[in-house]
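So, here's a batch of structures to check.
You will see chain A twice below: alongside chain B first, and alongside chain C after that.
Moving on to the complex of A and B:
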């Protein structure tokens, strides 16, 4: 009952959504997907705040009145931000289109963007009323409402991104799965690139929120930077972290990045913020003659910093989505908790020799952005070697091997990972300590 | 960072001094940013700034007609304009629509420019000699043209408002419009002019924010900075010179907290520093509600009240 009342509340963004639908209707009518124009226009007139795109491989059959031989799979997506954010929601929408294209059978996917976390229950209800069979909710804060909806609609299927509740884990109904594309291995490789090019021996990180996901990314990056820098110079790396307490806030990320460069002399900046802001700052310093480097995050951002772009972490959610499409279409649903890393969903998921390495090329769900030739060739080889090793989990960044044979200590000097140990899933998902090379304390 | 607040509040000071509250500031600001985004890609910075100024004038004319001529509630009209600006800016920059606008504006643009979400930044112009001063030279004398212009404008606008006959007319219209009218001042004309000035400056502030500060487009890019500028007008007690101080206080707090974090401060409670400017604004509001202070500062007495001749 509560969810229904929420659903009726028409926010400004929802209102805007209607305008966009009308606009998309126009574009579609212009002939992009000619066959579905009538359908989209019909949706445009409906009061529901939905942006609709329909992809089908059998356009001709839709335009004719002949009954369709196969009922198309209906999929709904809920995004926390606008698809124009260039980061998180943009990435998920790219994944949606990727999965639609490759599914090979009629599929109709609907997405709702900028849905506040408090209103997701209502959004799910309206998608179900639209007749979707499968719902993807793509923000951590959507987790509990998704589990509630899964209990309420046992014949529908739900996939929550970036959480820990699923039927497989035993803390949600069987028709709910969890999935996440994990970056910490790629952050370690970024760290290797950072340690290989830094001249000041100081690296910086602009962090979104001090939660385990971001903390393990920072630690992985700093471990990698220390590995390369110490091997080059024999000295420990120095690392600084500035928190902006937002996921999407380019102006704040800019201010934090400038502070890291000006106050602490950092010359490589990694970040968790969903726009290329930090890379843009690095590029501006390069134009002024100061060598500052940064990375891609979620998408290939090279065009925002052609000089300053070292490499970076990129995600393609498409293969994950496609797997769930297939499960639902073939009635072979099984609740799973998917945590994808390097190697997963790649056509060839075993180690290749360095010279044949696919590091820097799109593959699987998480992969490395193109490597800047400014990275010395011996370190490019090292990055490729580690990338290939991680495809079959032969190397783990959070191990003694990733830290030049030394045990991994936290800021208080306490040993967190001893000789012979490797971080496991539970340790990574609850990481609440910084490695010793970071100067600032972790906010609590 | 402070410049966006300074430019926007300068115009707003004039509008409010003449008795019109322009709550559409946020909408005009974001439209200025959106227009400058599109036109910088299509035709470069100069055209972008001019077109941004134009959109501000057009939007403020809507406010002027509604609030001055039709005597509608200024708060409602202003908020409506803010919502209009937020929606319209999102619409014209929506990827598919932006691509079509851009390719019709300048058909020679390469494909990559139609989809990119950033525009070229305004170049920085170091002031000769002064920018060579060690330590402070780079911080204070290496900025883009809009930063310098805003500071010069603040001084000129202060001079006009408090030292010339025109300023006196504007202030008298805001103080007691019927009295001004009886002395032969065209109240409507004065208010039209000041409202247009506020719209012009608001959208210029948006253009500065986009091409001068952080040239990356996303929906809702100004993130409430128009409303912060409104608070700044109160903090500056409707004085362009004090607006300079206030603007750099507001802007400084926004950027300073990340520097403090690197010295072990502020990361534990980032929200305290961020709310400081607003606490100061509230204190200012309390102070100016005291009659004696109010008189000395000269709060525009008929702020927010539409003027009609018949009732006079």
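Moving on to the complex of A and C:
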């Protein structure tokens, strides 16, 4: 009795006043109800592929001569954004469908979108529980949890996109590979197009995060722009960079793009943000009669800016995914670190003459978006020549050849790439300096 | 009491219940969870997904061992933050800043690791205990400031704690993009990976186990503080009525500041369990809003430290279930977020009906002036 009245007093004071039993009761009730539902659903929840196996098993029991039915390969993908972003995650989903179609054997691929980087461990475990054999994690922040999962599930296979940990590199288990479709060569070609059309001599870049990948893309773009602009006018290009610290943020990208045009007088805008927002800004200026240009990023975005679209960088992750499908299906897994550039996974990896160039057509894993006829024809030819040369790695943007024979200097005037040198793996991967033509310092 | 006149002769009266029977309380919690799942199920059915499969998947998260381990892994930081909020809410201190205090905890634990690795300070076995202590102090100090301001100058703590979240988040961003970036990490915004002896995986392999032990120990501590110490008593009085507390001779500044310190400290420990348990290094935006989820957990667990355990596991499970549901039901990720939001919403609705009595008076009486 005393205890009860005490309880009463306590609960009155308690500003929320749910009693212990309430919450326990709630959780238990949810459990019970869910359990019942789970039982009911569990009986009816047999996934579709099982029915196929079922029928063949019956046949096997009767005749005992039918060979083991082909078990479909189960693949799981984890995306950091929504597949409707029209950029990064959408690109991966296109790659998934491409690989599924070309695989030619039964394959069942499932994906999870908008998985926060902090929650990827749980997402991987869920996929493993679903019985997948191969997991693709497609964001840099997924790298460590992927390596942990690889250690925990040694009989499953893991591919991490855009990181540096793999069995091949020796810093992850052997059942983990790394892969990336690299754009810096294409950004250089975009730069050539930018330098060829700019009237103000100022180009802008809307950057996502100041990480080496984005920094080297900016540098490549600006080197290309300077190459074309200096050849045309004899003057150095001026470049401005605006950071938005987001991957998917169309509103921020929009604001940054407008600021670059209005305040810095940029008339060509490149970007790393996963939506066509920057291209749309350029198109709006075109409609208002101001000549501002932009590009495609990861997917062909031409329809978002039919006038303003110069060219751009497009990725098809499909061939990379297909390669891993085949490895797992044929038990020929080998941990690899794949870094595809122009030429890789192209049916014909050799240089073609300019007039037969495939620049602007889909091929391989990274390729150029269609070239806008507004680019002067001599520069179209130059872009095609460089594109073809890079199929055989005969030309490297990060070399003096890419900078009109001049050594490549950073903003402090320090020579980073001397005559006869090319950027190597470590320089490309840890680039933390801007080329001299960029006005803003790299945030630190 | 609030009155709304819908039509001249229909009046809706909302009254705060001074006390409510236990039965009503139990009933309303069960009902709100049921309605939440019901409405979510209806929404799924409209989208062409099977609601029963959805329910069974949510349950599966709690009964599949590997998924349960993941669930508890996320539940631990939520639970720690909720433990802290428990203390704050008890003294009527509306701490919305658990998220920022979590970041301070992550900052302090990473700082200790860096001091050890770069400058060789402290022996190896001392690193983890030091991380625990400093993350508590850092998180605590971050909350002690607004609580001190409230006690001394009546500064509204909802604003200060909320705003300080952003300071904390951007502060950690700065460190990771700047001085704390891993020199061997190819320039990516990550700290160095923590050495094994600085991780919660140290003892039982899965960080879930050591984290749970740590959590249960702390929950016991909080329970004892609240129940058996003078401070616990004073916190409660402060929460009930400041005037009473003052009349009883309580040193208000001391009690409120100390309460804030403890509150932030536990959230700081939550931060430790993220860097040291889930991620194994510091990176920007490492907390997926655990500090905000903790607010709901605290409200639902009736300010009882023990009830935080099932409640935070329930919410940790919802996070994990979200991903499982996506692949099972083949529905867009946004639907899952909607589903989680619906569940939150109905639970809060349940709270409203429990705490307030709503009566509709119709007909008869003259319109009141």
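Everything below uses one rule, namely that the second predicted complex is superposed on the first by the 376 of 444 C-alpha atoms of A that agree within 3 Å, B and C clash if a C-alpha of one lies under 4 Å from a C-alpha of the other, contacts with A are read in each partner's own complex, and residues count from 1 in each chain.
Quick note on the criterion: contacts are C-beta pairs under 8 Å (C-beta built on N, C-alpha and C of every residue); 3 or more make two chains touch, one makes a residue touch a chain.
These figures come from a predicted structure and were not determined experimentally.
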Contacts of A:82 with chain B and chain C, given as first, second, both or neither: both
Touched partner set for A:432, first chain B, second chain C, both or neither: second
First (chain B), second (chain C), both or neither touched by A:303: first
Partner chain(s) touched by A:444 [first = chain B, second = chain C, both, neither]: both
Contacts of A:275 with chain B and chain C, given as first, second, both or neither: first
Partner chain in contact with A:255 - chain B first, chain C second, else both or neither: first
More chain A residues in contact - chain B or chain C: C
Which superposed partner A:129 touches (first chain B, second chain C, both, neither): second
Residues of chain A contacting chain B in one complex and chain C in the other: 12, 15-16, 19-20, 23-24, 27, 82, 245, 443-444
Complex contacts: residues of chain A adjacent to chain B: 12, 15-16, 19-20, 23-24, 27, 82, 84-86, 240, 242-245, 248-252, 254-256, 258-260, 262-264, 275-277, 280, 284, 303-304, 440-441, 443-444
Complex contacts: residues of chain B adjacent to chain A: 1, 83, 86-87, 90-91, 93-97, 112, 116-118, 121, 213-219, 223, 254-255, 258-259, 261-264, 267-268, 270-271
Residues on chain C engaged by chain A in the complex (per definition of touch): 18-20, 22, 25-26, 28-30, 32-34, 37, 50, 52-53, 55-56, 58-60, 62, 64, 66-67, 69-71, 73-74, 89, 92, 173, 177-178, 186-189, 193, 236, 239-240, 274, 278-281, 283, 285-288, 299-304, 306-307, 310-311, 314, 319-320, 323-324, 326-328, 330, 332-334, 337, 351, 354-355
Residues of chain A touching chain C in the complex: 7-8, 11-27, 29-31, 33-35, 37-42, 44-45, 76, 82-83, 110-119, 121-123, 125-130, 140-141, 144-145, 148, 164, 209-212, 215, 245, 429-432, 443-444
